[in-house]
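Next come the structures, one after another.
Both complexes below contain chain A, partnered by chain B and then by chain C.
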Partner chain A sequence: MKSTIRILAAAFTLCAASRASAALHVVATTPEYGAIASVIGGDKVVVTNLAKATEDPHFVDAKPSHIVTLNRADVLIEGGADLEAGWLPPLLDGARNPKIAVGAPGHIRANEQIQLMDVPATLDRSQGDVHAAGNPHFMMDPVNAKIVAAHIAKVFCSLDAASCPAYTANVQAFTAKLDGKISDWTAALAPFKGTPIVTYHPTWKYFAARFGLVSDLYLEPKPGIPPSPPHLADVMKKMNDEKIRVVLVEPFQSRKTAEAVADRTGAAVVDVCQFPGGLPGTANDYIALMDADVKAIIAGFTAKK
Partner chain B sequence: MKALVLIALVASSLAVHAEETPPPMTIVSGNAGKNYLNISLDALIDVGASTEPNVPELETGGHDPAQRGFTLQNLELVFDGAVDPYFKGQANIVLQITPEGGTTIELEEAFVATTSIPHNLQIKAGQYLTAFGRINQQHPHSWDFVDQPLVTGLMFGGDGLRNVGAQMSWLMPTGVYSEFIVGVQNANGETATSFGYFPGESQFGRLILADVVKSLGDMLYVPRWTGSFDIGDNQTMVVGASGAFGPNGTGPGAKTEIGGVDLLWKWKSPRADKGFPFVKIQAEWLLRNYDAAATVTLPAAVFQDQGGYAQVVWGIKPMWTTGLRLEYVNGDVGDDPLDPRFQPRQRVSLDGTWYPTEYSKLRLQYSYDQRTGGFADANSIWLQFEFLLGAHAAHKF
Partner chain C sequence: MEIFTLWLWPLLALILLPGLLVYFGLHVVERGIIFVDLALAQIAALGICVAIALGAHPGHDALPYVLSVVFTLLGAALFAWTRFDHPRVPQEAIIGIIYVVAAAAATLVLSHSAEGDEALKNLLVGNVLLVTKAEVLRTFALFAVIGAVHVLLRRKFLMVTFHEEQAKLKGVALRLWDFIFYATFGLTVVSFVQIVGVYLVFSYLIVPAVCGALLSANIRTRLIIGWIVAFIAGVSGLLLSVKLETLDLPTGPTIVCCFGVMLIVTALAMLARNGRGATT
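Moving on, here comes the complex of A and B:
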C-alpha cells in the first residue's frame, strides 16, 4: 500500500514537473484557432484541436478523451458565439481545470472584440437554429482573424511573459503577411464585386461582406434546417433569374444536393472549407486555407458551363 | 421652494438608484450561458398498442408507455445554472398524467456540484441519479428507445436508482480517460427497490419491513470506474464497472449487492453533418445477490439473478436513426412465482427515429416480448413524440 502511494506520488511529481517545464498547452475548439495559435506560439506551445476540419462544428462529440486534453490545457480558445454550445460545456465541466474555466485568463473567447452579424432581435426557434450572440462564422473575414491573433498573443504574453517577445514578433509577422494577402485577395475578387453566391448555411456572410460579394441565398431553408424540395425549387428559380453561377459546399455538407442544384442551373459546385485542413494542402495554415478558398471561388465564377 | 428642492433631490437620488439597480432578470429561452438560470421543458408523449392488455406488466419503467392508447410519459422541467463561483446547481422536476387521469409530480434530481475544487476532484450532493452504468444516469428523453431496459426495471424499479446522497469523483491524472466515483446515498424508498425499498412492498415474494437505515453502515455505497480511449480518429470506446451495496428491507442484517459492467463504442464519420452518419453500440450486464433474512414462515435465502441488454443505433443520414435492442433477464421468482416483474424473459425491439431538429423527435418502435411463468408472449408497437422548449442542455458522451 505504502509503495503504491509512493509510486502515485512520484507519478504526480513527474507529471507536474514535465508540465511546468514544457510549453503552453493550447486547446482550440476548431482548427482555425489552432492554426493561428501555432503560428503565434511557434515552438513555445503545443496545440490540440477538438473538432475535425471536415466535420460540422455545431455537432462535435463530447468525447472523454477531449476531457483529458482539456484537463491538461493552459489555454482554451473557443469561438464564443454559441457555435460550440452543444458540446463544450460538458467537456469543461468534466475537465475540472481552473486555468481554462469560463472567465479564467486562459479561456479565450475569440468573438470578444468582433462585431458579429445577424444578431437576432428575438430568439425564436421557428426561425431555425439562430445563435443568440450572432453569426459565429466570423473567422471567414481575414480582418477578424487579425483581431483574434492579437487577442491570442496578448493572452499568451500574460501567461508566459518570458516568451512574450517571441509571441509579439510572431503575431506581427502573421499580421503583416495576412495584410499582404488581404490586398491580394481583394484585388483578385475585385472584378466580381456584387456577384451573388449560393451557400449551404450562412457561413460565408463575413467573407462576402469583406470582398464585396453577395451572400443571401442558402440551400437550407432556415439555419440548421435541412434543404427541402420546395425550398430548393425556389433557390433554383432565383439562381436562374439572377444568373448565380456558384454553389459553395463544405466537406461535411451534402455535395449531392449542391450538385443537383448546380446541374439544373448551370452553376458550378465549389469545394470550400472554414477550417484549415479541410482542403488539400491547408492543414494547420489559416492563410493557405483562405488562399485556397479564394482561388476555388474565383475558379467557380470563371468556369465555363 | 424647500419642498421642490426636496422633491428634486429625492427624484434625482431615485434616478441614480434606478441606474444602479440591475435590470430585472429575464429568462430568455435558448440563450444558454447568458442567464442566472437556464430553463427548459421537455415533453415525451407516446401512443400505441400491445397484445398485452395490462401494459404495466410488460413495461417495467415509470416513464414507459402505461396503457394502450396515449401516455404522457414524462414532462420534465429542468433548471440549471451556476450557483456562485464554487457550485453549479440543477433540478429536474417531472410531471406525469396517470392512466387514471391524475397528475403526479416528482423531484427527479436536485443537486449541486462543485466547480473549482483542486486535485481533479468533483463533489455532487443532493437528490441525483446514481452513477451506476449508463442508462441509469440518463433521463428518458435521451434514451435511444421508447422504454427503459428490462434489467433496469428488474434491479432498480420504475424510476431507476436515485436517492439523496453525495458522491465524489476523481479524474485520474493518466494519459487515457479514467474516472473513479464513490457515492453514498440513502438506501430506502421507491427509488432503491433492491435495497431498503419501503414497508408494505415485497421483493422476491418477501415483505419489506420497516426502515432499514440505522447507521451509516446501512447506507447505499456505490463505486464506479469509467475508462475511455479513442481508436484512431473516428472511433471511441467507453467501458465502465459499477457496484451498489446496501441493506435490504427483508429483515435485520439483510444485504444486497449489485454489480454491473457497461460498454459504449461509437464510430462517427470524419465528414459528419449534424453528427451523422454514426454507429453506436451500447451494452450493459448486471448481476444481483439479494440476501433475504429469515421470517416467521420463511428461511433465510439468497436470490441471484442477472440480466442485460445490447443495442446498436445507426445514424443513417442527418436526422434519421434506426436501432435494434436485444434484452435478457433471468429473474429469480423467489417466493412468489406469480410476480410478473421477476419472470425470466427476453425482448427484442426495433425502432426508427426522425429528428425534425435537435428539439423534436418522432420515434416508432416495435417490440416482441418472450415471457415465461405462464405470461403470454406480447407484440407491442409505440409511436413516441418529443418536444423541447428552452435551453438545450449539451449532450454528454
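Moving on, here comes the complex of A and C:
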C-alpha cells in the first residue's frame, strides 16, 4: 500500500515537473499557426491545435478537450478574420481563462498586421473589428506567414522574457529558410504566370496573387454556398473558353463535384490543402505543406490529358 | 473540481431541463408520433431560414426568433388538424411528409444566402458543452411555465392522449387541446434543440418513455422511471465525455449511447422480473 502511494506521488511529481518545464501552453485554432508556433517555441512551448487539417475551419465541433485545453492555455493563436467566428467565441466563454480572453496579451489575432483581400466596400466600423471581414485565407501567401511568425515571436517574448533569445533565433532561422523557399517556389511557378485556376472556395487568392496565377473562378457560387447546377454549367463554359486545366480541391470539400467538373472539361483535379497535415508528409510543417501544394499544382498544370 | 467550474452549466442543463422532455415523451410514445419532434424542429428552422432570406441576422435581430415561434405554432396547428382516423394512412406518414418538405423548403429558401448553412446547422446541432448560464436560466423559466400549464390542465391532456374514446364521448374539443399540446411541445423542443441538438432531444423524448412503459402501466410510475433514466444517462454521459480525457469523446453522442445502455439495462430488468414472475 505504502509503495503504491509512493509510486503515485512520484508520478504526480513527474507530471507536475514536466508541466512546469514547458514555459508556455499554446493553443492554435488551425494547424498552420500551430506548426509555426512549434518552430518558434521549440522545446519551450507545448502546442495544441483545435481544428484538424482535414476539418473545415469554418465548422469545428466542440469536444471536451477543446475547452480543457483552452482553460489551461497561456497563449491562443487564431486567424482572427471571422474564419473561426462560428465556433471559437462559445469555446472561449466555456473555457473561462482570462489569460487568452479577447484583448488579453495572450490572445493573438494573426490577421492584425496583414493586409486582407476582398474587404467589403461598406464596412461598418461602428461594430468595431468584430465584423472586419475580408478573405481570411491569408496564410496561403508565405510572405504573410513571415509577418505572422514575427508577431507570434513578439508575443512569446513578452510573456516569457527568459526564453526570448531562443524565440528570436528560431524566428530568424524560420524566416531565412522561408525566404529561400519563396524564391524556389517563385522560380518553379514562373513558367505558369497568368495561368488561371479553378478552386472550390476563394482559399487560393493570396497564393495566386503571390505567384502570378489567376484565381477568380470558384465551384461555390458564393463563399459557403454549395454549388448549384446553373453555376457549375457557367464555370464549365468559362473553363472551356479560357482553357483552364486544373481544379483545386481540399480534403473537406466535395471532391465529387470537382471530379464531375474536371471530367466534363478535360481538366485535372488537384488535391491541395491550406493546413499542415492535410497532405501526406506535411504534418506540423508549414514549409513542407507549401512545398507539397506548389508541387501538386505544377503537376496539375503539366498533366497530359 | 473541474466538474463544478468548467462543466457547471452543461451539468445543470442536463439535470434541470430534460424533465419536461421526458413528460412529453410519454405522450409522444403513447400517440405513436415518434418523429414529430424532428418535424417541429425542422418547421422552426424553416421559420429562421425565411427570416434570413428577408435579410435578418440570427443572434442580432428579433425576426428569426419571432418567425421560428410563429412557424412552430403553424406546425402545431397542422399536426392538430391532421389527427384523423384514416384506415390506411397513419399520422406518422403525414409527419414524415411534413418533415421532409420543411427540410427541402428550408434548403430552397436559403439557396441564395451565405449564412444559410451555418444557421441551419446551429439550429439543429446544439452542443451542450457550450451552453451558457443565460441560456440555461432562460430555458428553465420557459419550461417552468409550460410545465405549470401541463400540471394545472393535466386531466385534459392525459385524457386526450391516453383515453381518446372517452374524450370524444365527453365532447372534449380534441383539435383545440391537440393544438395546445403541440404548441407547448413545439416550444419545448425548439428551445432544447438549440442547446443539445436533434439527436439528444430525440433520445430524451423516446428512451425514458420507452423504459417507463417496459416496466409499468401506471403513468406516474413511468414518469418517475423516465426521470431516473434521463438523469443517469445525461450525467454519466457528460462525466464519461469530460473525464476520459484520453478518449476525448464528443458529449452528445456519448449521452445518446448511455441512453442505449439504459434501455438494455431496463429490458434486462424487465426480463428478470417476468422470469421470476413465471417461476413463482
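Assume the second predicted complex is superposed on the first by the 273 of 305 C-alpha atoms of A that agree within 3 Å, B and C clash if a C-alpha of one lies under 4 Å from a C-alpha of the other, contacts with A are read in each partner's own complex, and residues count from 1 in each chain.
To be clear about the criterion, contacts are C-beta pairs under 8 Å (C-beta built on N, C-alpha and C of every residue); 3 or more make two chains touch, one makes a residue touch a chain.
Values in this document were obtained by computation on a predicted structure and should not be read as measured data.
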Checklist entry - After the match on chain A, would you call chain B and chain C a fit or a clash? => result clash
Next on the checklist: Quick check on the superposed pair: does A:Gly180 touch chain B, chain C, both, or neither? Answer first, second, both or neither.
Outcome noted: neither
Next on the checklist: According to the stated criteria, A:Asn71 is in contact with first (chain B), second (chain C), both, or neither; which is it?
Outcome noted: both
Next on the checklist: Looking at A:Pro90, would you say it contacts chain B, chain C, both, or neither? Reply first, second, both or neither.
Outcome noted: both
Next on the checklist: A:Ser254 in the overlay: touching chain B, chain C, both, or neither? Say first, second, both or neither.
Outcome noted: first
Checklist entry - What is the contact status of A:Ile225 with respect to chain B (first) and chain C (second): first, second, both, or neither? => result both
Next on the checklist: Looking at A:Lys63 after the superposition, I want to know if it touches chain B, chain C, both of them or none. Which is it: first, second, both, neither?
Outcome noted: both
Item to check | 62-70, 80-88 or 206-214: stretch of chain B that collides with chain C | outcome: 62-70
Checklist entry - What part of chain A is shared between its chain B contacts and its chain C contacts? => result 58-59, 61-65, 67-68, 71, 86, 90, 93-96, 224-226
Item to check | Residues of chain A defined as touching chain B within the complex | outcome: 11-12, 15, 52, 54-56, 58-59, 61-65, 67-68, 71, 82, 85-90, 93-96, 98, 101-102, 123, 125, 129, 132, 224-226, 251-254
Item to check | Residues of chain B that touch chain A when the two form their complex | outcome: 28-34, 88, 113, 115-118, 120-122, 171, 173-177, 179, 226, 228-230, 233, 236, 238, 266, 268-275, 318-319, 357-359, 392, 394-397
Item to check | chain C residues touching chain A - in the complex, by the definition given at the top | outcome: 2, 5-6, 111-118, 121-122, 127, 129-130, 132, 241-242, 245, 248-251
Checklist entry - Contact residues on chain A for chain C in the complex? => result 58-59, 61-65, 67-68, 71, 86, 90-91, 93-96, 222-226, 228
